[in-house]
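What follows are several structures.
Look for chain A in each of the two complexes below; its partner is chain B in the first and chain C in the second.
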Partner chain A sequence: MGIPTRFLFGGVLMRKKRISVVALLFVLPVIAILLAISIFPLIYSFYLSLCQWDIGTGASRTFIGARNYLRLFTDARLWGALRNTGLELLLGVGSQFLLGLALALLLNRPFRGRNLVVTLFLLPMMISPVVVGCIWKIIYHYQYGPLNFLLERLKLNSVNWLGSNQVSIYSIILADIWEWTPFVMITLLAGLQAIPDELYEAARVDGATRLGTFFWVVLPLLRPVMIIAILIRVMDAFKIFDLVALLTMGGPGQSSETIAFYNYLTGFKYFSMGYASSMAYLQLAIIVIIANVFLKSWKGREIS
Partner chain B sequence: MKDNLRYIIFVGIFLLLALALSPFIWNLMTSFKDKGEYFTYPPVFIPRSFDVEHYLQGMKLGGTRGIRDSFIIAASTTLLSVALGSLAAYSLARFHIGGENLAFWILSVRMMPPIASILPLFLFFRSLRWLDTYQALILTHLLMNLPFAVWMMKGFFEELPAELEEAALVDGCGRLGAFTRIAMPLVAPGLVATALFCFMFSWNEFLFALILGRSKVVPITVNIAGLIGGHEILWAEISAVSIVASVPIIIIAIVLQRYLVRGLTLGAVKG
Partner chain C sequence: MVSLFLLGVASCAQAVKLVVIGDAGHNLKPFEWYAQTFKEKFDVELEVIGVPFGEVYEKEKMELIGQTGAYDIMIVFPKFLAEFAANGWLYPLDEFIAKLDPKMEDVTPGYRDFYCKYGGKVYALPYDGDILNLYYRKDLLENEEEKANFKAKYGYDLKVPETWDEFLNVAEFFTRKKGEKLAGQVLERAFYGTAYYGQKDQIFAWWGNIFSSLGGVYFNEETMEPGINSEAGVKALEIMKTMHQYCPPDVLAYGYEELKDVFLQGDCFMVVQWPCVGKKGADANQSKIVGKIGVAHVPGVKKDGEIYYRPLMPCGRVLAIAAESKDPWKAYQVIQYLSLETSLDDVSTAETGLDPYRYSHFNHPEAYEMFENVEDAKIYLAGVQQNMEKGYPEMVLPGTVEYEETLGVEISRALSGEKTPKQALDDAAKAWTEILNRLGKENQKKMYQELVKGWRAAGLWE
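Showing the complex of A and B:
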């Protein structure tokens, strides 16, 4: 308590070198594995991104410099996929945030059975995205699905949820909202519960209204957690693949392709390994930017 | 007035919960329906009989194999992640080896787009003739689980007061002894939580499994997706398999309650 840990360690062992050997041995396996399955493969795929290599045709690998990267800019299909991914980020993550915040505020009060209610709310994000896709595929069914039945009962028109190139991407986003709103909810709920009751008291004593307390006490204190929740969702939503694969396969046509899904098709259906690698590097660059913002806000939080 | 508001809020919560869970209920009902009951308009809400016929059929259509394969992969990747991850985490937490940079580098692996990692890995495994093998998927799942385990365990070790290990050192316990006999037992609950998360991530994973699995290794997620892609869609069987595949996850979710926020935010929010 009184004595800082490191002095005591030093005092007992007096062999700082040996500590670092043990420390190194402990961390070495993880570093070795991550180098082997992440860094070296990525270096290799950077080289590939400078090559043309269509492994489906048995053609050999030829070095073509930056041409794959130039092709990215003129690939209309890629821009369509980026647009869909952007829609998912704006509409999907945006709605998840607003709904999640509302739910968190609603659930931030003690009542009997609250733990059970919260856990039940979390189920959509715990189960596999494949199961989520499977569930919504049934719900969205044009002829026999319960959703269109419900719409007709309400005297509204049936919607071709998965078979219309105007609608399909929004159907994917809707399923994603259902799946991931709970994540925002539980994260913000944890943030809300960390706010001490005395602050609400103090605000009340100072004559703040409910709304005033929310804007001037709750929101500022919740901000760091909000940022983390949004950034994690943005990072994940940017990689959205499973729901696209399960619900529409990017269709009809290419209307609901996302960047991760188009990248998958390029690599594992058309087998253009070079072009697919350059596309992967484009995503990597975007993720690096988002991740850096995330890490900065995290480090900032630890200081405060 | 105030009581009325409370009442409205509870009814609201209940309705929202019902709305959020209704897709599950529909899935559960579908798993008991016969063909004539799910391919019909207006839709049938309650199936005629609740026998488990479609569950048995679904298990025969690759469900059993899928669950076995998923279990082998998830259990192996979990064991490796937790064992190696704890060692690294201890080193990071107690000796600050590599400083913040090493720790954040490990975390950054977890954030990479999976498609970027799997392209070169696929080619590696292809030349090793490792496609369609357990080891390929176990290794690939380490991409998400190893950094995760390191970060979670690092947080748990940092919360342990170092004094306990110091006392052990003074008593003549070696560094290794202090780690195995003092630190590890104290973080046991965190260790279990981390392991359950790793298991869940691997069990639910789809993209890697889809690319690396073929005919010999078909994890449950790939199995379900395959059934949906088939030319004759057997909804009841698909629903049944998807429910069976979700049961372990629901149990894990209930056990993990206390750690959920922490795990899902990679330790950024302690919850």
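Showing the complex of A and C:
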């Protein structure tokens, strides 16, 4: 006589249920932490963005709907900060990519002391961002800084690196390039190292020139890594804060103020929490759009 | 039983641990110097947390809003006191003052009546008496060659500038390029007539010295219309724009350290700065112009035959106790000790940036040992006191930081040539009106009127 099916499957079901409960219990702490530090702040900050809450006055939160978002469109200071951030993305990340690629190509060949050279190139990235800011503040000093000293020695005019509203944002971009080009370099170098030597040989055998090999073999294979490196740098550069705070405090005027810095001022100096939250969501939307463009480009390449 | 007893004794014997927060650096030194004294006298152990100057406000506020009790003793900039006290975040000190007198009658009126009190109650004790002063190179002023050249160019004798017009003349005269002569010596690098605090958090005070002397007011008391873009405000910014030509090219990036150093390293003829610069100027470890510094009142305008000048009182420091403090009485004993017993030692040393705020600080020039002699110390103190008596108070309202920084951004824009002075101040006034409406106009008006009433009673407002 066989065991009745319902009891057989009922037993399996009971065991499955027990396993599910046990699994849930194991996963619960992680879910709780995720909810606490990720999901809840996301939902709460979105709710805040729909409220007016100026903590400094002791006033309570007042629901105002989308008024904070409408205010974003008329805030000239915000658009100035976005413009500066855009400059950092185009010039800063663009330069980091080109320089990083050039360095990676140069270092992608065996030579004596290569490991030491690579390590030295990585140093800027390993220094604490606050220390980088302090170093560049000294470098940029108009009277005592080594940069103007060098320019003077070359019979050129000193540059007002931090005190000119036309130059200050570029000074920040330059310091950022110095700090993060090594990251792009090491990422692309890893990608180059993953390209099999046989492909280079095959290209050589087929009569490809070095330039041809670079454009038709190396670049296509390196593309996914390039996209990742640029995407990570774009997301980081969008949040640039430490260099701004240490070098210029966003000045003179607002000429080097980035969106992250203005967001910080709004939330933690002026304590206008509702408006600061809406600004944060604007940044999130922009970053998500940019990330999607990059990832679609990557997926498009994969499909082809 | 024995171990329980010992545990009890041990816990009783443990000193009370209090947490202090303030701007990192020289102003926290007294907490370290007297750590042993606090332990012996009050059975208190201090944990001192230093944060960057520009972050003190938000670091303190975040913990106070959250009522975390993270801090017991707080160094507070007076402009935040009203906000902190109004929100119930500070412990009122009147009952403690009745038990342990901090001798507030010895404190100069501005600090005593405005920077330590709110709503008639005392919430803090003074710790640092900031007032802006004019420092200049007296050796260059006394140089015969420079005097003759100045007289030939401007038609009057070279002297300490007392009006803004004289200030601009002297600044122009002493701005020299590398290779030109200064007091008979060929300059190895450029020398500047003056400099100012260019970063947006405090630049309003340097503009404010001129604005206040021209009769400017922050707001109209009745209508709360901003007064910053009045005729006085625009003229003040135009004067500052002229002054800008005689400053180092990177002056708009100058904070406290850069402004102090450009003068103390001998690259600039005169600056308006806090009292600590006078002390540090007499310390050979920090200054290349020891013995060459004069102190005077900030320039003003001639009014009815007299010079009307009003130096701003930006920053300053007071010691407050958090409402959530674990032991407010012990915290009070510590701050009373610093504000009274050791205050003369703390303000008379070049190792701190703390400045005089008690009459007794001004009456003991011999304590200021960094000066070559007592006479020099007396001159320094007389200069500071002269400015303190005519101090123009900083606004102490919720939102003051936003008002000041917004104004600072526009002043900076005008000085960098991005906007005209009128455009910049009109935009600043528009921003002030928006802030005012957002924070609650009626409430702000009530608080501002109370402030003005108090300033008037103390003879600091017309």
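Here is the rule we go by: the second predicted complex is superposed on the first by the 261 of 304 C-alpha atoms of A that agree within 3 Å, B and C clash if a C-alpha of one lies under 4 Å from a C-alpha of the other, contacts with A are read in each partner's own complex, and residues count from 1 in each chain.
Heads up, the rule we're going with is that a residue touches a chain if its C-beta (ideal position, glycine included) is under 8 Å from a C-beta of that chain, and two chains touch if they have at least 3 such contacts.
The shown structure was predicted, so the numbers you read here are calculated from the model rather than taken from an experiment.
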Chain B versus chain C as contact partner of A:Phe268, first or second or both or neither: both
Contacts of A:Gln254 with chain B and chain C, given as first, second, both or neither: second
Contacts of A:Gln143 with chain B and chain C, given as first, second, both or neither: both
Contacts of A:Leu123 with chain B and chain C, given as first, second, both or neither: first
Which superposed partner A:Ile135 touches (first chain B, second chain C, both, neither): first
Chain B versus chain C as contact partner of A:Phe214, first or second or both or neither: neither
Contacts of A:Gly163 with chain B and chain C, given as first, second, both or neither: second
Per-residue touch tally on chain A - higher for chain B or for chain C: B
Chain B versus chain C as contact partner of A:Ala276, first or second or both or neither: first
Residues of chain A that lie at the interface with chain B and also at the interface with chain C: 55, 143, 245, 268
Chain A to chain C touching residues, read off their complex: 52, 54-59, 77, 141-143, 158, 160-165, 168, 245, 248-255, 265, 268-272
Residues of chain C defined as touching chain A within the complex: 54, 57-58, 61-62, 65, 83, 86-87, 189-190, 198-201, 248-254, 262, 267, 398-399, 401-402, 405, 409-410, 412-413, 415-418, 438-440, 443
Chain B-facing residues of chain A, complex: 1, 5, 8-9, 12-13, 18-20, 22-24, 26-27, 29-31, 33-34, 37-38, 41-42, 44-45, 48, 55, 103, 106-107, 109, 111, 115, 117, 119-131, 133-139, 143-146, 149, 178, 182-183, 186-187, 189-191, 225, 228-229, 232, 235, 238-239, 241-242, 245-246, 260, 263-264, 267-268, 273, 276-277, 280-281, 283-284, 287, 291, 294-295, 298-299, 301
Interface residues, chain B side, partner chain A - complex: 9-10, 12-13, 16-17, 20-21, 23-24, 26-27, 30, 38-43, 84-85, 87-88, 90-92, 94-95, 97-98, 100, 102, 104, 106-109, 111-117, 119-124, 139-140, 142-143, 146-147, 150, 162-163, 166, 169-170, 175-176, 200, 203-207, 210-211, 220-221, 224-225, 228, 235, 238-239, 242, 245-246, 249-250, 252-254, 257, 260-261, 264-266, 268-271
